[in-house]
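Got a structure here, written out as structure tokens. Questions coming.
Note that the chains are named A, B, C and D in the order they appear, and that numbering of residues resets to 1 at the start of each chain.
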């Protein structure tokens, strides 16, 4: 879940039951399935350009510190992630969002066969960044590859090159369906998102940009009334009862949201 | 899940995928539902009469220490529990099984409205045991009430009196459906189990005592071939594909299993 | 450690090495001794009258989430505590500060022999509060006794009555040196502190109210320059190199700090 | 701490206060200093050739599960380690002992400047082992380098080549004091240990091989009476009151202990 817009309390985004728009979208992630109980993380921009991250290895649904902090964090750019381990250890350094400088990165999905070609990927990371990789996940390596290929200058191209490299390396190891991803990344001002998989069977990704419509449907929700014209959500799962408020991000596409500007475009990996 | 019989590795009881009898029965508890991810515990008898307990607040399904220990624990009396919190904190002292001296206690269910009459219950616990209560759950208080009423001498009567007290106290607080429980308890030699609820809508409880039949159905399972005539399982959920091997514990009944002796009897709370 | 005054970042109070005044005072608590590694907690007032608490069972010195949060929390009333267990489990519900409504409570010390007379104390807690006790420590019970005796109306009297009760109950159990405490408590506006022990050998407690003098001694510390006339610290250990900035709270005394008002007075338990 | 010999309870090695020989040697590791509170681990050989490891991120001194397990583990080869992080995260995958197949590895010390040349070291690990590295510590990389250089065939040579590589790579990055280590490693039958540092200022390492003498000095310790002729301890710190029972491992030397055979020899890194 990613939010960009007027400052809101994280609690309003994560927990408040009356906020059906946000709450339901999150409930599908935050506890609805067993497979998302392997740690969680939130990231936000507050006192400085470097974002804060709070991550823990317990399930999000019962973490009392998360509730405490969510009640205090008021931010205009908020990331939240719940993890389902695909084999790597449940430890804080494997929880999303990952951070580098003032950037955050979250990934749903997997690099299939990662264990078999991990070495080839991490040796492709820029040497000066190599030792900053703290965890053992495919998601973090994908982030560092994107950083290596210029994420901070041109996110669309950098992610396309990172994915292109993964696919080529995987094919060399006879893995044909290597990439499965929805990704969200931000520098604190803009929010980029990607939906792509090698087999063109990507996990779902949705964004909301019609705040007025959502507000009209839910006049009882106080926080919605406070949402400004710039409020944007990017979520993995749509809200069944608010189909009109959500746009599905198409297969093999990417987008960016920043103040006064939304953009969607096709996404195509760039082979090395 | 409770096992009594010839010494087996805990791993064979908890994890080995080929052991479909045991594994499937446990998979329904150990990770199949989100609501059982709030900590877990195992208890067993080994080097001394006092049982060992290993309990943790993370979900069982991804706890690497649990896998390590399960591969080393060989025991003839094994308890395992996965917790779904009903509001009390996720902390080790709230995880089952609970231990007192050489006794273990596990409870599935709840004392409805417990928060409202907790004080009346804990003040009914024998004063000399009071300060040994370490956690904050209804399940542990029920254990201490049973201990107060003579669990170590006559488990059937003690649990009946404990339940009778809870129901009376709850009614005084206008809670009419107070007790929901399946309970297993042991002193290391015998294993008692109870199925009861105030509204006579108790959670399921099953036991297996026909080892020869199970073995005939699953000749490929090595551990089953090693099961002796004394092997007994008590589980919360039956195995759909082995209906013949399981006996459902009837509504409002209790039982005991010990070497060369099985017994089932009706269960009736004893009001104070 | 307790701070009251102009809004400051928790990070400036807890971690910044250049802030020798605060940092050194905290280093003696936050990691300098093995015996303070059994969990920690911070509490602060932010988005609402109800304070937030962030508590964890790991040692504070290496908790990455604490560093993240401390870099974001800006508050005018901040409590921090590191715990050394005297036997009760290391679990979040046993970490300070404890919270009730908009009140926070921290205690250094112990009720000696607590296990032996715990039952007598908790049954003296107001019945309607009883079930809100979540942990198993003496410190939390002392808080609930103070609440029972009117903490929210008259803290000085309430704590005196709570201590008086503990001493009487302990004596009935032949414990003559029952109370050892330094306590800080707050409603978000005023900050009360107490130094007392039955044997009149209380742990140290210091407060700082001479901001101008501290500033003059440390012109290089930016945060000190930002400290206003209302800034007050209450700490367990004095700073050796700034003796002039600290006042030792005398044996058997108590105090209160609020905007424009400081007060110190003798403290005497009130027997039931 | 490493033990090899007749089967003993881990509890006797770790906790029993009356066992002053073992207990005191461990107390210096298990909690005596703040800097060893960043996680711990034990490893032992039990039900199979593959050793078990139990590791946790909390301080060892208050971990209740450790006490439970130590009371049940009876083994003839036991490793125990308490960690003091030098910057890498406190997470289970960074705790010692590390395991590969039937081998265990523990390291006290550091590879100075590791962050700056980590990439050069991990790319020297055998590609087929690369992805098995789970944590982010220098100690684990040193283990994998030793494995790469033939640890399972010839531990003395393999460790010498691993250290030689580290020193060369470090020098290329202008780090002149790269290696500081005491290491213990085992395949379940023999136990090798190393004491070395680039500057020849290695941390202490001691071994005990005079069981008869120790027994004579401590006739009151029951476990000592049960120690057989094969009992050997390797510890980081000597016991001040039993100087005669301990042999200091000399600077730049290594050794091996197995049934009926002890050996000490000089240790010299082998440059690539």
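Keep this in mind: a contact is a pair of C-beta atoms (placed from the backbone, for glycine too) under 8 Å apart; a residue touches a chain by one contact, two chains touch by 3 or more.
Owing to the predicted nature of the structure, the values given are computational and were not obtained by experimental measurement.
Asker: When I count C-beta pairs in contact, which pair ends up with more: B-D or A-B?
Answerer: B-D
Asker: Which rotation angle, from 0 to 180°, best lines up the CA atoms of chain A with chain C, given as a multiple of 5?
Answerer: Fitting chain A to chain C on C-alpha positions yields an angle of 180 degrees.
Asker: Using mean CA coordinates as chain centres, what's the chain A-chain B distance in Å?
Answerer: 41
Asker: Please list all residues of chain A that touch 2 or more other chains.
Answerer: Counting only residues that touch two or more other chains, chain A contributes 64, 89, 92.
Asker: Within the complex, which stretch of chain D touches chain B?
Answerer: 9, 44, 46-48, 52-56, 64-65, 68-69, 71-74, 92
Asker: Which residues, counting only chain A, touch chain D once they are in their complex?
Answerer: Against chain D, the touching part of chain A is residues 88-89, 91-93, 114-116, 118-119, 122-123, 127, 130-131, 133-136.
Asker: Contact residues on chain C for chain D in the complex?
Answerer: Per the touch definition, chain C meets chain D at residues 31-34, 37-38, 57-59, 61-62, 64, 85, 89-90.
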